[in-house]
Amino acid sequence: MRIFFMGERVEEPADHPVIRPSINAVAATFDLAVADPELASASSDLTGAPVNRFLHLTGSKEDVVAQNKMQRRLGQMTGTCFQRCVGMDAINSLYSVTHDVDAAHGTDYHDRFAAWLAEVQRLNLVVGGAMTDVKGDRSRGPSQQEDPDLFVRVVERREDGIVIRGAKAHQTGCINSHWILVMPTMRLTEADKEWSVVCAIPVEAAGLTYIYGRQSCDTRAMEGEIDAGNATYSGQEALIVIEDVFVPWEHVFLDGEYEFAAELVERFTNYHRRSYVCKAGVGDVLIGAAALVADYNGVEGASHIRDKLVEMVHLNETIYGAGIAASHESFQRPAGNWENDSMLANVCKQNVTRFPYEIGRLAQDLAGGAVVTLPSEADFASDETGPLLDKYFRGRPGVPTEWRVRVLRLIENMTMGRNAVGYLTESLHGAGSPQAQRVQIARQMDVEAKKDLARHLAGIDDA
Amino acid sequence: MRIFFMGERVEEPADHPVIRPSINAVAATFDLAVADPELASASSDLTGAPVNRFLHLTGSKEDVVAQNKMQRRLGQMTGTCFQRCVGMDAINSLYSVTHDVDAAHGTDYHDRFAAWLAEVQRLNLVVGGAMTDVKGDRSRGPSQQEDPDLFVRVVERREDGIVIRGAKAHQTGCINSHWILVMPTMRLTEADKEWSVVCAIPVEAAGLTYIYGRQSCDTRAMEGEIDAGNATYSGQEALIVIEDVFVPWEHVFLDGEYEFAAELVERFTNYHRRSYVCKAGVGDVLIGAAALVADYNGVEGASHIRDKLVEMVHLNETIYGAGIAASHESFQRPAGNWENDSMLANVCKQNVTRFPYEIGRLAQDLAGGAVVTLPSEADFASDETGPLLDKYFRGRPGVPTEWRVRVLRLIENMTMGRNAVGYLTESLHGAGSPQAQRVQIARQMDVEAKKDLARHLAGIDDA
Amino acid sequence: MRIFFMGERVEEPADHPVIRPSINAVAATFDLAVADPELASASSDLTGAPVNRFLHLTGSKEDVVAQNKMQRRLGQMTGTCFQRCVGMDAINSLYSVTHDVDAAHGTDYHDRFAAWLAEVQRLNLVVGGAMTDVKGDRSRGPSQQEDPDLFVRVVERREDGIVIRGAKAHQTGCINSHWILVMPTMRLTEADKEWSVVCAIPVEAAGLTYIYGRQSCDTRAMEGEIDAGNATYSGQEALIVIEDVFVPWEHVFLDGEYEFAAELVERFTNYHRRSYVCKAGVGDVLIGAAALVADYNGVEGASHIRDKLVEMVHLNETIYGAGIAASHESFQRPAGNWENDSMLANVCKQNVTRFPYEIGRLAQDLAGGAVVTLPSEADFASDETGPLLDKYFRGRPGVPTEWRVRVLRLIENMTMGRNAVGYLTESLHGAGSPQAQRVQIARQMDVEAKKDLARHLAGIDDA
Amino acid sequence: MRIFFMGERVEEPADHPVIRPSINAVAATFDLAVADPELASASSDLTGAPVNRFLHLTGSKEDVVAQNKMQRRLGQMTGTCFQRCVGMDAINSLYSVTHDVDAAHGTDYHDRFAAWLAEVQRLNLVVGGAMTDVKGDRSRGPSQQEDPDLFVRVVERREDGIVIRGAKAHQTGCINSHWILVMPTMRLTEADKEWSVVCAIPVEAAGLTYIYGRQSCDTRAMEGEIDAGNATYSGQEALIVIEDVFVPWEHVFLDGEYEFAAELVERFTNYHRRSYVCKAGVGDVLIGAAALVADYNGVEGASHIRDKLVEMVHLNETIYGAGIAASHESFQRPAGNWENDSMLANVCKQNVTRFPYEIGRLAQDLAGGAVVTLPSEADFASDETGPLLDKYFRGRPGVPTEWRVRVLRLIENMTMGRNAVGYLTESLHGAGSPQAQRVQIARQMDVEAKKDLARHLAGIDDA
């Protein structure tokens, strides 16, 4: 793989201290499948064999709900983005969309897709989903851009397959994946036919370049352990540049059927907006950290501290509530797999764009100012300054200063450091920015039916 | 029944214009069972016969969820409180608590209760639940009050039954019920033994007096139709004074087992806090009314109007999400019936104490100032002023002035008039005031487990 | 005066129990001028004599600030809208606008206006300001409406004056005024020339009809004292219908200079949006009422109660802060009088559209459910039910039940009853609905200057 | 000076790339005094000479207001904390408190202090204020801690002065100061007499050690320019360890008069809580950055974008409003200098603990996800990846990619990077954490007077 970070080629990502924590987070998705198979694995209808739940097609409402419970648990385990939801949600939305495209066009995308997926399941691979194009001028569609490559498109069509070009931004966990599912990012029109492409490409395909995104405080991973806050786990996002990558037909799952682009985006974001209940799991960690620092400061019992913890929990569970409600209210697609309710998924995600920021603010409130003024790990370790810091950063009796420092660094990590990227900003923009959910809510809110309710009770007869 | 309203004895409530709309709302619960039996009725395990869902013991998760869907629908149909949820939730909590009391004490409350309930089901009666005592000094428990009657208590114990005294405040729909289930309102201690009583009393029992509560704009029901806003439906709350009412043993379901009072309150409020998804149905009406008035004003398409409707829907569905999530996550009690998740129910109710106020504010925003300055129905009907008002209160072309007036009156009704009582203030205090939910969230939030998550990721080893 | 209320002609408003409290509120503006002349009176530059501050042209920053302090005090004294701010703000904006119109057009509006105002000051009269037209289709301007009368316009132009027609909605205190200043309500174009009229008309002019607006719970004023909540004071809003009213030239202050309509609206709303600090005074009453009921309930010392009172005060003072900041930052107009800062005035008003609703919600929280379920005054007075109610609605020892009832009724009055009209809905729509402030903030926020700040620090050189 | 950062002794702070931007920010306070002397300088009553406003004793209300305007301007210029407000506010509070201590105890602190200050003014020095002790167990006072050094105290009392020991945390700009004013941090009791000390110490005094606090993304200053976001300016906070530092009597301004500790803290925080209007200046930068990125993305004109900018401005100006209202409402202390209103100052600060977080969230909303996924400056500069990034991170036509990157980095800097420390977390905790303002609001809200207003209107006569 051709990977760059901070101006340099990264030969082996697994050895890079900045990248390693993101690999650990993905590894947790394998570990959990072993430790708690009921939660994180399932039996595949495609292969009849057990499969990691992230690769599983939802066979029931319970399967959809189970995704959420697994997501929350992994959020609790890692305190960050474990990067596999995009793939899971892409698999499920493509499974049903390809089915519907075939029904409309007589194509055979669905079988191709199922065959590819069965193989992926058999090999227990990691799938990334690449939807977000780089977009250029946000007020214009693909065919209206000055540079046609600002949305991924087919530049050549050969007998054995297609050649695509473009770039996908903010690609969560792409370097930690085996396959990337390339998908369009918005509603397309007939003029956008060449951009109407869905396909699977192996991450090591010729023509792919990965440029790692910087995260707040990322280089602390190269310094030591404590200042990282959460030294073990992190998220990962990179730009994928696609320079004329060849894709054989068997891995092409849409090619020109532009009218299904919106449908695919909608189904994918439908699954994915409710996948953000993972943030309730991350929130559990942050609430715990806030309670811990209050404890170390000797004030956990103060009524206003207690009340702020309650508020954090209330907001966190509100996110969870809308998410699993969406999953419980799933319906079955003609393709056979199950998909969650859309209104509740959008509502879940809309809350995710708000509440983690408030939970983060409250966590900083409980942490106290030291969360942003603590000296470095090296200062604590130094003979000259270490004893002074140990003496003066102590909290209540019985608590080693280092514990207090560690939990403060974790709160910093989650509210402005490396994992704030995932807990806050990705909560805002992942699966669509806030306005995208509002557009969807507007579409589904059925104002006319609500007006009828009002007319009826107000005694307005406009028949 | 001995009923008073505005200083006068009410001989026949059904004929009283102020009371009638509350009866209509209860009637809707019967109508819906006929019109949509799948939604609003069920098959009783006690009798094997069909039964109104409000009288049904939850036999599955689906039953618990179905309650919520029925509640939202009835909120949409009536735009107010239809008054039967307290009884439904009381039945289900008593069914499981009496089972547990019997297991602990060798009593036979459960069988008594089941027998009573079977009969109520057979007769398709309305059951009210009377929990809230008048409380006096809120910083003291029953046995600490200057006046021992401020919480309902047993004043005499006879061979054939007990005699109780006290009063229950804010009794939703009590006058429209056939039976009242009297229950304690808080955690009790050994000193409160005489107050640890649960029983069923028929509404017409000797010794009962009902004093009807005033509602904002209640007397408009005696004036005409339009100014009432919602002339057909309203809620109802009254004070029940219990002056030495005799209850035979067969209708006594707890007597002195004080340690189960908290358990009963907790189970009841658990069901009941999630029952407040009815407000999402009422919210649907108010959102529809706001959209309608914007339409009549000619500005429904304005982006800020649209955005406010989206926000109203978002908040409304957030309430719904937490509620049905709680129901979906139900568990089975040893008695056999199913009970919803408590954390999510409390979260649902906590949101109910906030969002309807904001939805109401936004509805008034869309309504414009006329919602509080419209002249009276009589002025519109008058020969002198009617034509002037018809001319000057017109909205966009094509909309009769009266329609605009009617929807404005509906919004007034729901945001500061008669049904604001139920949509706003009852949303705040019903099933426990906001702080009661916070106490419950605090109990269940398991801070220690969350701290462990934080410790683990921060690398704190305090083993 | 030709006044109607609830379908009937009102011969003597001062004797009408529903209207009387609104007269009392206006009377308080006279009383305060006597009781605290420094606060509520000033020395007129026009006449050299003392004058009620509501009739005073602002001669300094201190004068502008003093308006706010007087307004807060009157809010505290009356707990409602005392109805004189519109006139005060109209006087000051017309004084400067007529000056500028004369400068542009060589007219003599300013002298006419000053002469009229001097006489009004000499007689110590009450001036109402009539700006809000009834508007019809809100997406169209005056000349685009189907009915040209939906905005007040000149229908005839005679040698001795003009004749106007139309209607003004939501006219605060109009019946309690001596003169009405008629003004346009929005930016006008050349096509709207006939609608570009400003003039003064005496309230008893031939052709004027007043139709009193209904308020929530208004008829309780005809029942007794306690249930009214605030029996002494209320606001007042009416529709003024203007059927071909003649206005002599000396009372015409704009006639066709359409390009000044926007300027007048802007200056008037500038003063007026900051005048809403009166609501901080009303908020003081409601906070006090909430504290009082908590006290009577025996829980004033509970930490969550205390914290809610703090939040209410915080929001209330935030309103006040922006308002008096606007006044302190006043500038002098060429006409000589002083006008407050516009950005801060709009910010003040925008907060007024939000915070009173939250303060009201918190007041209901502290009140408990009884605020909407209390029986009527007549029930408390009745021999049959009175003793029962006295016994069972008691709060903590030492507090007569009636006190508790009275404060609950006051909270009802301010949060959903008669004075909620002024405290809530008028706070939303008076001086322009929320969106009107946002438009004004958008105009004044000078995004380009802010972008320059960002460019500079980001090192972007786009010169 | 003995300074440590990341485990190493810093010999020359001005040469250290991480420290340098904080020095630049302080330098701006000197530059502004030259560029705009009316705003940022004044005429000293002590010396009769011009003086930087940060060293000026407030001689009038206008002086207090001018502080706020200067603070906002410096916030706009630097986009960060310029570190001199603590000193300014300490000077003014000590000036009046020493006066009052002398009046009570016959001491001569005031003259000592005035003499010291006059010299500081003559030399145009920078004064830091050291209030916040490290505190240990937050539930205990100084004399109750296990380690008595956790609050700064007098450990020796000599003929020529005192020796103090302890540490001060989060010391804003201390390394960039010439003098440090040491002050107690909380209300003290008789048992805390040895901790009741105020004095001035030169920053290079023997026994002082400075350990620099880490900030989010601090080491980016050592990498290049663009990724820093704001390469020129930053805040600074350090721990000052005081190991037996000698202070001659002439620099001791309180010694044992414990009952004035609370008074000093209150006056200082009173000035300082309103000093946080600087954040409105920083907010201006962030709003500008958000508008700029929306412009570069081609969507500045979208209605929801515009509306979010309005909301940001509204919140930002609400902060400003309460702050300058507090300053305008100043009163004169017996010492002669002027002090702002306390209620409004606390309200200002309370809003500062909330609104910057929401403004930051909205800025990230407008920025899009790239704000946290942009590759590094080195990747943009690299021959291999630079051209790809330039192509794919382009916004609307006409905007160089680098501009878009720069403004995104500025938003990152202010919302989760280095200057988020000052804009967010310091806004929360500086001048006291949120609860500290609430305690102060509670003290000053005069609930009893508000209850009287309610009693009066409710007709409750409890005389």
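Lettered A, B, C and D in written order, each chain numbered from 1.
Following the convention adopted for this analysis, a contact is a pair of C-beta atoms (placed from the backbone, for glycine too) under 8 Å apart; a residue touches a chain by one contact, two chains touch by 3 or more.
In this text, all values refer to a predicted model and were calculated from it rather than measured experimentally.
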Going by the average position of its CA atoms, which chain sits the greatest distance from chain C?
A
A-B or B-D - the one linked by more C-beta pairs in contact
A-B
For the pair chain B and chain C, the C-alpha centroid-to-centroid distance in angstrom is 37
Would you mind pulling out the distance in Å between where the CA atoms of chain B average out and where those of chain D do?
50
Rounded to the nearest Å, the gap separating the Cα centres of chain A and chain B is 39
What parts of chain D, by residue number, touch at least two of the other chains?
304, 307, 438
Touching residues on chain D, where the partner in the complex is chain C:
65, 76-79, 225-226, 229-233, 284-289, 291-292, 295, 306-307, 309-310, 313-314, 317-318, 320-326, 328-329, 343-344, 347-348, 350-351, 403, 406-407, 409-410, 438, 441-442, 445, 447, 449-455, 457-460, 462
Chain D contacts chain B in the complex at 303-304, 307
Which residues, counting only chain D, touch chain A once they are in their complex?
4-9, 132, 134, 136-140, 146-147, 149-150, 167, 169-170, 209, 211-217, 219-220, 227, 237-239, 241, 297-299, 302, 304, 353-354, 357-358, 360-361, 364-365, 368-379, 381-382, 384-385, 388-389, 391-397, 412, 416-417, 420-421, 424-426, 428-430, 433-435, 438
